Structure formats: structure tokens, C-alpha cells
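Take a look at the structures below.
The same chain A turns up in both complexes below, where it pairs with chain B and then with chain C.
Coming up: the complex of A and B.
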């Protein structure tokens, strides 16, 4: 009986260790999917196996271990590499068209449809 | 009337996309952020190549006016090409050249220095590449000129040094003095 409990306890600890480890690397995956690999265009850090991307993933893991949250990690990388590294452009004078254009098209399309319907 | 709107819409779209693409053409393909926004983290910790002691960027930057951080590796061919330029810069005596050995084996790194000469006042190792990321680097080779007094980045070169960059570096050092 004692042995059984001992074995179960050991397995429990191994299991919980694995779980927490897995949870952390999932977090790394999640963050690295939102980051542009700067030396391999068109790939995210998550997808890439370049030296740059591999180091970046280690860095993200380190930051998570330090207890930094997602926002802090993104901000840190933005301060080092600029806005370009995240796949989520902020609204500024360069990106305003990017944000507004779909809206304009949506309204325009709506008007077209309305007109068509009212004519019929 | 409907036909007119369609025509206007198409023309409008074509014009808009034309200008977007035109703007994209003029944009340089260099993704380096502007230097003012990229601050240096002086708490950067790394181990020396020739001893096992740990150090920080604060300790690495000595009393000379400028520091040149050079990221290199023995497996990186362009680093071999730029090495004579670093030796040349070191002979000026005004620069404190710090080498960061990027994802390299200790044996190969030491061999590289023995073979080609040592322009660095200090060499630290970065086996995981994390330190280089903390400096905002892309890979090897990369060179960052720092003003030790104001603790600012004056210039950053991605890729190997060449005649043009060497002349520019010398110019900056001369003008800043």
C-alpha cells in the first residue's frame, strides 16, 4: 500500500511538472505566433527555425519565467525592434488607411446593395 | 445611375490601390527601428569568453568615449571579412571594442581570434542568442556604436563592415569629439 502511494505521488509530481512546463511553452507559442520573424519575411517567429527566431523563443520563455505578462513582453520587443515586429499595427498616420479602408468599403458596398434593392 | 456608381467605385478603388502600392514602392525594406526608440539595456548579463565570470554592459563600457559592440561568430563568413576593419578601428585607440560571440563553440571562437587577431578589449559569449536579442540585434555580423557618456546608440550596422561604413564610423567619432 505504501509503495502504491509513493509511486502515485511520484507520478503526480512528474505529471504536474509536465503540465506546468507545457502550459508555459504553449504561452511561448501563443506570443511567438503574434511576432514577425524579422529576418525571414512572411513567417512568424513561431513558424521559423532561424537563429533569430529560436533565440527569440528562448527570450520569451525567460521573460515568462521572470513573471512578465504578454503586454510587457510585446512592449519590450517593440522597444527593441519597433512596431513592425508585432502583427497588430497601431493606428497612426501611416496605418490609418489600413484601418479605415475596410470600413469605407463596407459602407460603400452597403449603399450599393440598398440602392439595388430600392430600385427593384 | 447604378452603372455610374459602379464605374466610380471601380475607378476609385483602382486609384486608391495605385497610391497604396506607390507608397509601398518608395518605402525602404529596412525594418530597423529608429535609433532613438531603441534604448540599450545596460543590465545585460553575459559571461566572458576567457574566464567564467559574469559581467554587465555597465562594466564592459570603460572610460573611453565610444564603445563599439560587435556581434560575431566563428562560423559566420562575413565576420571573417569584416575582421580587418575591426583591427583597423582598434588601432585608432579611441574605441572600446566589445565582442559578443554569438551562438558559437568556445574552442572555435578562440581559434578564430588566435588566427585573425584580437581587436576586442573584452569578449563575452552569447550561447543562446538571447543577449543579442536584448540588444535589438538581428544576427551576425552586427555592429553598434555607443556614446559612453550619453549612453546612446549613435549608429548601427546590420551586416559586415566595409570601406564605406569604416569611413562613416571614423567620421562620426571625429565629429562627436
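Coming up: the complex of A and C.
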């Protein structure tokens, strides 16, 4: 019985380790897909095999192992390499138009159409 | 010798262009003159000259005439024959000559096929088209002449970028250009129709074919580019929201909107001004696309020109054309018939307006996402990247209502449909979509449940478009295109959710387990080819039932020295097996990336279906 429990616990630990490992490497993929490979031409860190991208992936893995969450990792990278590295620009005074302009156009167009149709 | 032939024929073409531009206003005032006379022969001469110069360039590439600078820069004697030819347009100068060639041939076709239309309209179209041709001729002759001579004549050329030596990419530019340049005819003719006061049913009927032709070529051109990116860039994706891809997508959105609007104009004599505005916008987008790509201001894998003077020229030219068209629009706007009546909210007309609204929204997302970083950098020197997450976040939420509208819209009646009737059939399909999406996503993994609405909407559209094949009301070409679109969205979604990827560093003899499969690195051999050496790996992927062998390559081209990795892909109707490997610095180890991509082939098939609907529509009408 004790042996059974022991084996089970060991399996459980191996299992959970595997799981968390898998989740971690998936997380690296997820984050690196959102990063520009700075020395490549229009490639993400995830897609690139350059030295820069490889060391970047190791860096992200290390940060995850340190227990940093996504936001902290992005912030760290942005402070080190600048806004240019992320493919997903955050909303600030520089980028507010980028995010809002298409939406304004949609609303504007919608109003135009509403004025041209009759409900009855 | 070839250089002289090319140069002189371009100058003759320039001369004919100037003569036509000067003569057409004179001819315009003489009402009963038929343009099949002198102007027609001038256009024929012009096309002939441009064809001759293009052939001269092709011959230069085939016989490796290195006294030509373009050939020297982009070719090499050891290159395979096929890529010597495709090298003609695989560079800046040659690709512009191709633009010009298509421009003049399209004009010739227009002149021949528009004989039963009014003279004024035809001459004005010729006039505007010749202005565009003149602009391109000047641009080619003075900033990007493909016939510059080199002396002393070098013995060997510097080669074509190996990444471009590929069958899909060899025919990708010409097809895409046919689409881009087709929009020039739409532009010229819409301005002509505006001035001659003939924006009406018969104009719509006439220009519809050109809209369709451009749209078909653009769709297939984009498809070829995506297929190429899929297997050649080795990342396993097919769309990267790369600026140059975006540039081809923008006129596509615009053309799709224009086509639907033209249909309404033809059937119901509505939305005249909007059709003209869309025609002008479509061409402006195609031109800006050329400007953005050619000027080299985009940070992109496609950029192969980097000369500011060229960019400035196109920018000025574009500015002149756009100003001219805006000016003409406001000056002649009052000539447009204004028999505007409000459309009912539940009618086919409103459905088309809604389609246009969504198309314009998608267009604006892509446009703003592409040019915003450029402007920001100019204005305050901040560099930002706009990539896939941005586009997904803005497009996906709008895709959901769009798909539902697309399912309902085409089944509505003209003028006014019944509002109080709840369509039981549609409701049933909707409930069915909810159930199927839920079961599907639950089986895939609970973390995907947030995309439930998107799946419901696309399954709904999918079912409705299938059901529509049994309804007689709409035409077959529309059904095929719409079904193709629903299949496209569904395949992309399923592919995105179910794709599996494994990446590892392996050496020969290694074995790895992935899901229920075993990946074995069996062997590695070196091959010699005409202009490259390749490292060919052999991987065996096996599960309990069967096994397949995948043989990706790493190629080392010598002229110019470049390493490319060629993925090996085995496609079935259910899924693609995709394997690519790269050389690592550590001895003996290679980075191996294996992907299972379900329903990948259906993405291509669906785009072919979408385009096929368009082809069918042209064939049916003329047959």
C-alpha cells in the first residue's frame, strides 16, 4: 500500500512537472510570437533561428522560471529594446489613434448608412 | 544591341503617349469621329513597342547579356532556364516594365472591347489611362531604366536571390500585377464616366467585367504568395500581416466592396457616387502599394529596392493622380443622377451597404496598421511594430457579425423584405451551429471556449451557404464564391485551433516522441545541383498504423551566397505534415520543427473556389 502511494506520488510529481514544463514552453512560444526579431527582416522571434532569436527564447524561459508573469516580461523587454520589439503596441498617447481610428470610421460609416435607410 | 532596342522602343512608346494625350481633347470636341482611326493605331504601336522592349529584356536574361546592368545585377549563367525568365520581373526595373506592359495591353483590350459605347467616354478613358502610362514611362526611363549599359562587359552576373527561385513565386508577380493594373482601367473609366455624365446602368454593366478580372487575378496572386510563404519561408504560417502582404489585401477589400456596389448600380440604379469613389480608391491603393513596396520604406522581407529618388517620384505621381481625381470628382459630381430614395432597412440594398461598411472597416484596420508606424516614426521618431496581435484584436470581433450578415444578406429581397417573419430554417441552422461549435471546442480544449462566438458564426455561414445551393433565387457563381469564403474562414479557424507543433534539436539517428507519433532522424546526405548544394535529411514519422517519410532540405546557393531551408510537406485532405530543419552551430545538431496542420489544403481550395465563382460569372455572361 505504502509503495503504491509512493509510486503514485512520484508519478504525480513527474506528471505535474511535465505539465508545468509543457505549459512553460508553450508560454515561451506564445510570448515569442509577439516579439519582433530585431536583426531579421519581418520575422518574429518565434519564427526565427537567428542567434538573437535563440538567445531571446532562452531569456524568456529564464524569466518564466524566475516566476515573472507575461506583463513583467514584456515590460522588461520593452525597457531594454524599446517599443519596437513587441508586435502588439500598447495603448498610450502615441498609439491611441492607431487603435481608435478604425473604430471611429466604423461608427461613422454606420451612422451614414442609418441615415440612408428607412425603418418603415 | 538589346539595350538599344529596348530603349528606343520605350522612347517611341513615350512619344505615342504624348501624342495621344495632346490629341484626345481635340477629338473630344468632334462628336462623330470614330477613334478606331488614328488613336487606335497609336495605341497599337505603343503596346507593340512596350512588348518589344519587354521581350528584349527577357532575351537579355535568357542569353545572359551582362552588358545590361539589370541582367548583370539579377542573373547568373548557372541559373536554370525557367528562373532566368522569371528573373526578368524578379527585380525592381523589370517588374516596373511588367506593370507598364500590362497597363498598355489592358488599354488595348479596353479599346477593342468597348466599341459600342459612347465616343466621349472611350476617349476620356484613353486619356486618363495614357496619363498613367506616361507617368510609368517617365518613371522607368529616368529613375529605373532596365536597359542601362555596362562597360566593360562583366563575365558573370551576381545572381538572383535564391528565395525567389521558386515556381509559385515566379508567376506570383505577373498574376498580382494583372490584378493591380486592372484597377487602373476601373479608375480611368470611372473618371471618364463621371465627366461624360454616364455613371449609370450601362457603365456598371461594362465595368463589372474589369472589376471581376482584377479581383480574380488579385485573389489568385495573393493565394500564390501565401502558398509560397507557407512552404518557402519555413515558418509553417501562410499569412504574417507583413506590410507587403497587407498592401495586396487592401485593394482586394476595396474591389470586393466595389463589385457588390456595382451590382446594385446595375440592377437598381443606386449608389452612383459611392461606386465612383470606390473606383478611385481602389486604384489609389494599388498605386500606393507599388509606392510602399518600391520605395523601400517598409521593413519587410519583400523589399528589393532602396532608392529614395524613386520613392519621391512615385509619391509625387500618386499625389498628382489623387488630387486630379478628387478635383474631377467635386467638379463633375452634380452630373451624377440623383434619384436617391431611402432603402428599406431589411433589403438586399441595405445588405450590400453593410457589406461595404465591413469591407471599409477591414480595409481601414489594415491601412492604418500598415502606415501608422511609418508616420509615427516621421513625426516623433518613435518606432513601434504593428503585428498579428493588433490585426487579430481589431478584426476578429467584427468578423462575427460580418459572417452572420453574410449568411442572411444574400437571401433578402430587393427593395423591401418581410420583417415580421422569423425564418425558422435559419434559426434551426443557428442552433445547430451553436451545438456543433460547443461540442467541437469542448473536445479540443476548454481554453478555446472564448472563441465560441466566432465558431458559431462561421459554422452558421457554412451551413447557410451550403443550403443556398438548393435555392434558385441567386446565381451559381455567387453561391460558389460565398461558400468558398465560408469554407475559408472555417478552415483557417479549425487549422488554427487544431495545429500541433513540435520543435527540438536532433542529430542523425535521434528519435523523439510527439503526441502518439515517433519522429526519427534517419539520414542526411549531400546533393549537388546546378546552382546550389543541398543537405537533404530523411525523417520518418510513424504512429501505430502507418508511417511517412519527410525529406526537407537546407540549400546553400553560391550566387549570391545564401542559405535557404526547404520544408517538406505531405498534404492529405485531412491535414498537412510539415517538417523543416535548420543548421545549428553545435556540431551534428539540427533544429527540427515538425507541424501537423489540419485542413491546410482546404484553405487553398477555398480561395480557388472564391476566385472560381468570379471566373464563372464572366464566362456565363459572355458565353
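Criterion: the second predicted complex is superposed on the first by the 96 of 120 C-alpha atoms of A that agree within 3 Å, B and C clash if a C-alpha of one lies under 4 Å from a C-alpha of the other, contacts with A are read in each partner's own complex, and residues count from 1 in each chain.
Operating definition for what follows: a contact is a pair of C-beta atoms (placed from the backbone, for glycine too) under 8 Å apart; a residue touches a chain by one contact, two chains touch by 3 or more.
None of the values given here were measured: they were computed from a predicted structure.
Visitor: Quick one: is A:81 in contact with chain B, with chain C, with both, or with neither? Answer first, second, both or neither.
Guide: Once the two structures are laid over each other on A, A:81 reaches chain B alone.
Visitor: Look at A:106 in the shared chain and tell me whether it touches chain B only, chain C only, both, or neither; answer first, second, both or neither.
Guide: Second partner only, chain C.
Visitor: Of chain B and chain C, which one contacts the greater number of residues in chain A?
Guide: C
Visitor: Could you say whether A:58 touches chain B, chain C, both of them, or neither, answering first, second, both or neither?
Guide: first
Visitor: Going by the contact rule set out at the top, does A:116 touch chain B (first), chain C (second), both, or neither?
Guide: both
Visitor: For A:39, using the defined touch cut-off, is the partner it touches chain B, chain C, both, or neither? Pick first, second, both or neither.
Guide: After superposition on chain A, A:39 lies in contact with chain B alone.
Visitor: Once the structures are superposed on A, label A:72 by its partner contacts, choosing first (chain B), second (chain C), both or neither.
Guide: neither
Visitor: Tell me which partner A:30 touches in the superposition: chain B (first), chain C (second), both or neither.
Guide: neither
Visitor: Quick check on my understanding: which residues of chain A belong to both its chain B contact set and its chain C contact set?
Guide: Overlap of chain B and chain C footprints on chain A: residues 82-84, 97, 101, 116, 119.
Visitor: For the complex, which residues does chain C have touching chain A?
Guide: 233, 235, 237, 240, 242-243, 299-301, 303, 340, 342-345, 350, 353-354, 357, 360-361, 364-365, 368-369, 372, 376, 380, 382-390, 393-394, 398, 501, 582, 591
Visitor: Help me check something: in the complex, which residues belonging to chain A touch chain C?
Guide: 29, 33-34, 36, 41-44, 47, 49, 82-89, 94-95, 97-99, 101-103, 105-106, 109-110, 113, 116-120
Visitor: Under the definition above, what is the set of chain B residues touching chain A in their complex?
Guide: It is residues 2, 5-6, 9, 16, 20, 31-34, 37-39, 103, 128-130, 132-136, 138-139 of chain B that touch chain A.
Visitor: Along chain A, where are the residues that touch chain B in the complex?
Guide: Residues 38-39, 51-52, 54-56, 58-59, 62, 79-84, 97, 101, 108, 112, 115-116, 119.
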